[in-house]
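Structure below; questions to follow.
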């Protein structure tokens, strides 16, 4: 017997910009939204019966309408409004809304921010995922593609050596990575904009100001600090590629290279992932 | 109390080419390998103790050595050899090896395949993932980025309409998608090359030769056919974006457009995912 | 005094698909079109006067209308119709239409090509550029992203050595490249589809079947062969990155590596460009 | 007769990082370098004679050595040292060095910049191209991928209407673009770092603070301002895609949309290019 297992569907890569035209300047929001639904969709698969299938085109329209009516606050707030809207359909068990927020900042004109002109920038992309079920709402927030480097205070030694080991131990290497960090809030009601900014600043600060014995221990140190500083967070998951920078051998040219000239590489790269959370008792 | 949750680490994007120089021509293998380990790595995180941490550089070296010694057969066979090697380390509970195989075919010279010159091509990328634990070995195979289109025999109608619905029903639309299909074998011992080729051919054939009422039902029809035709497969997971092609409105130019001129788009796109499996009893 | 120099404008990345529904099967065309105009557009720049500026949105519409009316033959023919249309505006001196053709092939069903289902593939992307001026029409055709590899018959030696040279000479290396080849026809009237197929086959065949002393000499050998075999071509320009494949050092593991296991790399890469043409007298 | 036309070769995508470890903090340089040579390389093509061919691997080594010895100042200075080095080989007529500089800024720790930890960011990528010939050295500088948006003060009207025109005129649209601006200095001796910063600031400021009648006129206004403010620049070339943002039609949902909710798009896009220069007399 052949049966349907886990399934979900939705609309991804919905691009939208909202311009709020205030008396003292414009506010610019630039989002990429993805919506996914799970629920009683078996007949859609096995019988070609679309009577329960909210069209993904309808999801897109809804995202635009809600951008007009529910995007005055945080992207988490907007995501929750969207998720709860879709959950109101009886065939939906789980509605997940993922939002990526692209950062624009006002351009300086004669030392002042322009009211109506912006440059895209910022480091890393803000992300939020709201999941609504009959049991309640879960809010995750985070940052992706936050590229950082420590030029010292990073070591890697004491690892086991076998027949395939050639790496030399080092007590001072470059550590470069592209941080993905996603954290889950204990409750959906919070000042998500302020919390995001604070957590992002913590991440960067702890990254900068710790001694690393490995990427693994760097994740632990950053994640533990986030949980200690930000009580509203229950759990944080981090994914850190190790973007190796190799010292160039300048000896053939009669030169020393004391941690000065490096080749950055992306292939291959280490890839280190861990979740850190508040434990029981 | 703050504690370490799920974690894993490894080396990704290991690129390797093997050339086997036979009397009647060369065989070319071009792979991207990723290795990930789970196990007793808590001290690496919480204490900066690397004594159990197999260096990811060692993993890379091992991938190269095993490419010389264990890559005569399928990529699944090579992946299993690698995964079992890493599982032999007592601190490792789970070793996962993911391999993407890039396709090259001999160039035609005067109607014959060149023995030593190749053109990169093929449709889609072959993938294999071998997971080794103390309980045994799991082998998944599949294809990614297999881009296909049906120019008729695809409909979408009968879906519910709410205040946000503007999509018109259609009984004849283009259906274009980029198939990701990953299937799990019941047992690791099989002719993985022949099976892959047969499943891929089945996927394409059923995609071409069915009437689609929705992407959901297309997934079901393809997946069920795969399970019916290929008894060695226990489960198949498919991820299909709906890469919309919109009819261009040519009425302003005094022209009809009866399913002839379309605009392909990628943003936004539908995204449909489902697993189909052999059920109990 | 500050003045306007060379300038041009247009619409790029116009995506279009045309399905021709014949009795015995569908024909699928999938193109990306870019249109650029040069001419009497100074006032648009210096005075903000748009009275001569054909809107790029109009260009897009025109591309769709002409896809219905002028895309029965080659993309070169379609490009020429578009270019001549825009040249008919008196303010236009030069109209350039660049077209990239994406390849789809019918899916096999029970050994026969499906009439209405296709898989995207093919090696390399076909390109055509038609430039129309008051003096006439120029047609260039070519191929991009044609990735090829020779597993032997490629050497590189005899190069000069200075204080910065460490590369060893080799008489048997891998040569991998991603060919861009663009050729100019002597006259726009030709069977562009058949010629493209023949030239592409020649390129591959000569790539496969020559001994290479360098990428430079491979370009010369291929380009000369194209000009010798295809009299309708006046000139060919080739751009070949040298996608290095480095032999992995397996000696630390007690293994030899006689041209067997390689690491493919893309950063850095050699980059070799040359034009070869029919010369005077 | 078949002959060799224009040709050049070199090494591209040389990635390098230099860390200068000062008493009060580290300086981090992160560059991608491309080197290309033209000259007496005909025999390399036509005869497979490599005796004049400086290996591209040697170029890469040279880039690393010069990064140690000649990268204390601007990237333009480093590029000039490299270009003049290669020009010293008698077979070289033209040596071109292109450098892209990736921006990193110190991470804030408790309100102060960390001495040894950085985050990648900045808006746009700085580029420099130095071309050395027997006649002298030319230095171009610029910025790529500088993404900006005006939320008002941008119009497009008064364009001609033909049978294919459907675009409505607008006196208030979004204007979004990704600026590529490359300018040529009159002489290579200048404070290239300070000048780059000043020109980049001018570009942004003028972009923000002008009324646009079209992308064409925006280029002219920005370019003219650059030439007026920065006498060391002889010529500036700008390439601006018009990244359309379309107003979403919310009327079907009973809502007005007065320049508030937009869909950003990238396909198709306008593409506007112009050079502005100091003229004769």
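To keep things simple, chains are lettered A, B, C and D as they appear, and every chain counts its residues starting from 1.
The definition used in the following text is that a residue touches a chain if its C-beta (ideal position, glycine included) is under 8 Å from a C-beta of that chain, and two chains touch if they have at least 3 such contacts.
Please read all numbers here as calculations on a predicted model, not as lab measurements.
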Original post:
C-D or A-C: which has the larger count of contacting C-beta pairs?
Top reply: C-D
Subject >> Length of the line joining the C-alpha centres of chain A and chain D, rounded to whole Å >> reply: 29
Original post:
Roughly how far is chain C from chain D, going centre to centre by Cα mean, in whole Å?
Top reply: 24
**OP:** Please compute the C-alpha centroid of chain A, do the same for chain C, then give the distance between them in whole Å.
**Re:** 38
Original post:
Which chain B residues sit where two or more other chains touch them?
Top reply: 15, 61, 65, 164, 166, 252-253, 265-267
Original post:
How would one label the connectivity among the chains shown: line, ring, star, complete, or other?
Top reply: complete
**OP:** Using the touch rule from the top, collect the residues of chain A that touch chain C in their complex.
**Re:** 163-164, 166, 252-253, 265-267
Original post:
Inside the complex, what are the residues of chain A that reach chain B?
Top reply: 1-15, 34, 36, 41, 44-58, 60-62, 65, 156-160, 162, 164-167, 213-217, 219-220, 224, 227-228, 235, 237, 241-242, 266-281
**OP:** Report the residues of chain A in contact with chain D in the complex, numbered from low to high.
**Re:** 15-21, 26, 28, 30, 61, 64-65, 67-68, 104, 107-110, 114, 116-123, 146-153, 174, 201, 204-205, 207-209, 245, 248, 250, 252-253, 255, 257, 259-265
